[in-house]
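Going in written order, the chains are labelled A, B, C and D, and every chain counts its residues from 1.
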């Protein structure tokens, strides 16, 4: 099976996820600065989620760029990843409206964690399909970055009942470590 | 007429259908576990619909992969399928909010049934267009799986006034039988 | 300028327009047939709009299939058409909630009329760009069908204050005349 | 890295941004002209935002048409532009509901300004990546038009507390200067 339509469909779903989050902003009740202010944390959290979805799109792009064909299992591992990504707009809106309340912060971390796991499963299936000597296998390696990120999310969820603001900070730090695009694949392709 | 834009347009519509369902989640009224709990059945039903839309996308992908050109009739049979798919977010949200109430459960089944019929019409038109000896014709065969699924939906609708939870179980079972990708077409293409 | 990205962008916009209309359905207030019934006219009007958007997508597909390159003017004539198409979800929802009330029925007709005009402008620009001897020029001809449709919408708008149900019938009749795909272009391409 | 998926993803996001703005129209409370009238300014502002998004899509199209490959930095500069574009539906709806109230008018200008800056950053990164002798470098030149537009937005924001209607007029004038497609790139490519 070719990978073209899988990439196009994923692009479509990710493009919608990244954009519909903006529909959840509540319009300020009056046209004053005072009414606009409570929206700022929501916009900041939207920016964080936007960056996360951007990271997934960028890594997805790199991952499938190195792939040649896909199997039914890869197709469903990809849909599994898209499912968890699709829950980001909901947890973004809930956290955006309740700022650093513990439960929304924890749920946000759980969804990030499930996304990390889903991405890990997807990349492992691709490595197994392409073979040990393939570009993807060399590039993904042991994928320590995804595993470390998942540990970060778990830590943030455990901290959230006590210091939700610190959990939020952890989500931002993990995102920053990913903003540097995955040069492992680029390097492996040149080698 | 080429099939490229029909595939791209269908991908777009299906990507939107699978994603906008998430806009229907009602945010919990307070940031407590107690307020979050009633959302869990809605998320479970969303997952079921997500899987169904994923199945249709996957089968659509396989079906048109084997096709070469399309006619005006196929184009409209495809739009007919997209119409019924587009009603899934509505029945998902209605059932999601009212859990296993008989009428939403029945309506969900009616929409699944119409999707099955629309897919059946579409694949028959493609077989007729491509000819009896084509890859699609060998692959689709008598398409017993779609017909059996439709019977499953009809049974679930009939049961819904009495045991709506059983109907829901039937929808899940039918989905499971489809999670295994349609290997008939893959097999026929290799032969 | 190539036509590929213009087609892809138009596909995206039209796919979203055809799908977001479903977000406007109001969920019935109770899980009874009585509460579901008032939704049926809205679903019927949604089906009509779905068919109209499908017609525009199909004709757009045919039109650009025959084109080779596009100019800045064609690009903006295309965006102009997409603008009027994007108002269809709004008038569909307003008419859907108020059934055959005169003003929503009239506004629906005005939007259809503007879409017809926008399509007419777009196809004329394409004919002028491709030249008198081109496939498009032979195919589009005097485009009597679009002009007759516009006359139909004008008549429906004028009738709407007195017999809005008849206007609705006219919209359905015009749609039916377009369901037959535009064989003029297919014929001209073979010639 | 190829530019194909970046273009496809950007097309998807921009197509969604341009279309979801229509979901923000509040349906008139009654089916009378009097209830419809307050919507007209909102529709006019929607048309303005539609034109702005159309301009960005058209310029984006031209910019990447002339590009050959993209880097990780360009990918993120592109996501940065999409972020600010994605805030347009929100400020459009807020201004649409409050017509020419100073604060929404100012915020609309701030978002336009950030879009201008983001586009400027993106085009500079592309020029640097492609090299001084490239088609893009010749075409973009000093990009005075983007800088002048940003000055126009700044002026409009400064005026908004006193004469918000004049600010709105300035936004419309800047849009008009861009409606003429960016012929610099087309010219440079022919040269």
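Everything that follows uses one rule, which is that a residue touches a chain if its C-beta (ideal position, glycine included) is under 8 Å from a C-beta of that chain, and two chains touch if they have at least 3 such contacts.
Predicted model only: the values in this text are computed from it and were never measured.
Put simply, chain C has to spin 90° for its C-alpha atoms to lie on chain D, with the angle rounded to a multiple of 5. Where chain A touches chain B, the two copies mostly use different residue numbers: shared numbers make up under half of all numbers in play. Distance between chain centres (mean CA atoms), chain A to chain B: 26 Å. The distance from the centre of chain B to the centre of chain D, each centre being the mean of the chain's C-alpha atoms, comes to 37 Å. Chain A has residues 8, 12, 15-16, 20, 23 in contact with two or more other chains.
Note for the complex: chain A touches chain B at residues 1-2, 5-6, 8-9, 12-13, 15-17, 20, 23, 72, 75-76, 79, 82-83, 86-87, 89-90, 93-94, 97-98, 101-104, 107. Contact residues of chain D toward chain C in the complex are 7-8, 11-12, 14-16, 18-20, 22-23, 25, 27-28, 31-33, 36, 43, 47, 50-51, 54, 57-58, 61-62, 65, 179-181, 183, 186.
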